[in-house]
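Before we start, here is the structure in question, set down as structure tokens.
Note that the chains take the letters A, B and C in the order they are written out, and that residue 1 is the start of every chain.
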């Protein structure tokens, strides 16, 4: 526990509360930049996936973790981003233009998905967005003149002016830069009126309206922002894989995004990144532990998704605040040592309360 | 033309008349209280003003503009803020964030500027914080400034809600049973604050309140409601001593022995 | 005449698949009404039911009827275990957490099924008393497999109806779904009601799985068909049992008409397009009642 003497309001709106926090984050970014020097290509490529998924989960976190609107159709925005960017770059549009366009188109469609959200809540919104996901997936399959249907399409590698991003390391740096920009933008939005309005909608719609917050405007905006980031992530994803087909954007991907933000920790941007990292490395973890398993179990192909399902269940039952929650508890334990009490965090189990009863 | 005028409003829920042609006026800078037994329709009036319910007929005139058909958030934008009977705070946000949310109607920034946290957004944030700190000082909330609302005692939450409404810098403030759940000391503070806000900032109050002592102490005028119908209107003493009002609260027999 | 036959056959297959949707939707609705929990793993109940029946018939030589009964009972027991082990602690938690929990459960059950010896990831089938039989009326040929689904669904609904109408426990369950607190004060054990709800709903899921088996065959992914029951339940208002069945029939019939008369691709999304259309016009579904929070 630290106390800070503030002398002016500028200090109150700083991104980093303490000077030391700033240096830790700086160290983290430098560390991320140095990682490819010591890691092999395969792990570096996994890191790129973590960055890309993190961009998408930051988007979903803004919508679900901060605005309280569940979406089970985010794979659709991911797919729209990937296809937009792939099609544009194949027509000769430079990547630097295609990337934001992919995000903007996804965001634009997000507005239309946000419209039903004005009247739906909870379960109904979950099912409606799921339906949207199915419909977009089917459109990607059937609009063959544009997407080449189930055959899939090749995606050009990325180049910005004279710079090319063809090796794993180069692409990793690209995704890292986009991720850092995404987090900065998200953080800025969250400490501005729009971000606070989103949190207000999550906690009490009635009170939010009584404060002059327009549901129509901010709910659709939350959907649009969220879809924008997910679309950007999709664009990068397509260029990373260099081949996309509708199979990559099914409901299972939407569920994966949701699993990431839950396991990472709802309601925190840290959680979005932790969750993405955890899910990407889960298969690796399983491979590492396979030697210690009975042979029959280790040979099963279903093992990974069984553990994946189990993991989601265990987190929701025992650690609803996710990895970020665990991290905060540990940190608090050391800060308060030896005065730490377990009950400090007891309330948090009910953090996101049901809106109906 | 009065500052805020309620004109013959009626609403019913599934055949049950909740409000029947209710009319009253609130003048600028006055405290106007609505009293009545449970289920008389007091909170319903607030919910209608806030556009949470649609009126069947009638109108609300605020500063010469009919607000009975606007979107809910526009009511707040025009300068009417409110508190709730059962506290509707943003529970997973800190006290200061709740107050800053009260500043929402004064924002000038757009999404793009906010994503960059441009200097103009920074200036606006600082300005909001100055106002919020003023409210914190006024309501003695310093100790709770950075705490999450969900863990605060009930009386403090009520105060935070009042603070949030004040941070909006409204012209008309609707308070729904502000004293319920408060102890003696908190209630005295509340009475002092309301009078102080009225006199210093010229804000008008529309109050729903059960505590008759508080009503008598702070109200300029009082309206009594029973089963959705106005039964008396006038100065606090007139209304509280009105036989119909006594009957509504105490029943036929009680009124005759009391009178 | 040919057109007429074609339409009748299309409708029949639509109604029979609609019955399956309706039964799965019924599972959602029962649980939702009682506990406000949505079970995304309802489709996996079908998978389990189908695999149990498959094993009983093909490995142990049981008759179809015995297998149907045992699979239904077995799933009921599974539902009880689930409720005790996992779901009871989540009552009152947000929709979101429960949705994800049951999705996790679905993953777990589905992949566990693939790990059971002799089950695995292959597609299987078993013979039923209706296999390859058809009722003929002149030109019109109606498959018994589809008719059987319809008749058995009707039978199940009648049994459930009688249960909710005439038994003490059924009335207790209806009371609990309307007002839990009042039910507690009347001496109803709400925990027992919750357990029973899960038992019934899992059993209905297993029953539907066995009925569906002759049509889609038995496979670890046959539970995905359960996703289509969501539009059915939403159309029905998510809290009305007849609504769930009607919703299922609407979705089933539309889908099979779209499959025959619309270009390829429409069949798979027809249910979702109807769903989104209905939600835009009536956010509470066709039979639902809109509730407003009290402030």
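Keep in mind that, in the parts below, a residue touches a chain if its C-beta (ideal position, glycine included) is under 8 Å from a C-beta of that chain, and two chains touch if they have at least 3 such contacts.
Since this is a predicted model, take the numbers as computed values, not measurements.
Asks: Work out the mean Cα position per chain and let me know which chain is farthest from chain A.
Replies: B
Asks: Nearest chain to the global Cα centroid?
Replies: Closest to the centre of all protein C-alpha atoms: chain A.
Asks: Roughly how many whole angstrom separate the Cα centroids of chain A and chain C?
Replies: The separation of the two C-alpha centroids amounts to 33 Å.
Asks: Taking each chain's centre as its mean C-alpha position, how far apart are chain B and chain C in Å?
Replies: Chain centroid spacing, chain B to chain C, equals 49 Å.
Asks: Quick one: report the Å distance separating chain A from chain B, using the average Cα coordinate of each chain.
Replies: Their C-alpha centroids are separated by 40 Å.
Asks: Can you list the residues of chain B that touch 2 or more other chains?
Replies: Only 52, 84, 88 qualify.
Asks: On chain A, where are the residues touching two or more other chains?
Replies: 206
Asks: Name the residues of chain C that each touch 2 or more other chains.
Replies: Each of 295 in chain C touches at least two other chains.
Asks: Give every residue of chain A touching chain B within the complex, in rising order.
Replies: These residues of chain A touch chain B: 9-10, 12-13, 15, 185, 188-189, 191-197, 199-200, 202-204, 206-216, 221, 225, 267, 347, 351.
Asks: What residues on chain A touch chain C, complex-wise?
Replies: 64, 70, 72, 116, 119-120, 122-124, 126-128, 130-132, 134-135, 138, 141-142, 206, 251, 255, 258-259, 262, 266, 297, 300-306, 308-313, 316-317, 320, 350, 352-357
Asks: Show me the residue ranges of chain B that touch chain A in the complex, using the header's touch definition.
Replies: Per the stated touch rule, the residues are 50-52, 71-77, 81-82, 84, 88-93, 97, 100-105, 107, 109, 111, 114-117, 121-122, 124-126, 129-130, 150-151, 164, 168.
Asks: Which residues of chain C touch chain A in the complex?
Replies: 32, 36, 38, 86, 89-90, 92-97, 99-101, 103-115, 121, 220, 227, 230-231, 234, 238, 264-265, 268-269, 271-273, 275-276, 279-280, 283, 285, 291, 293, 295
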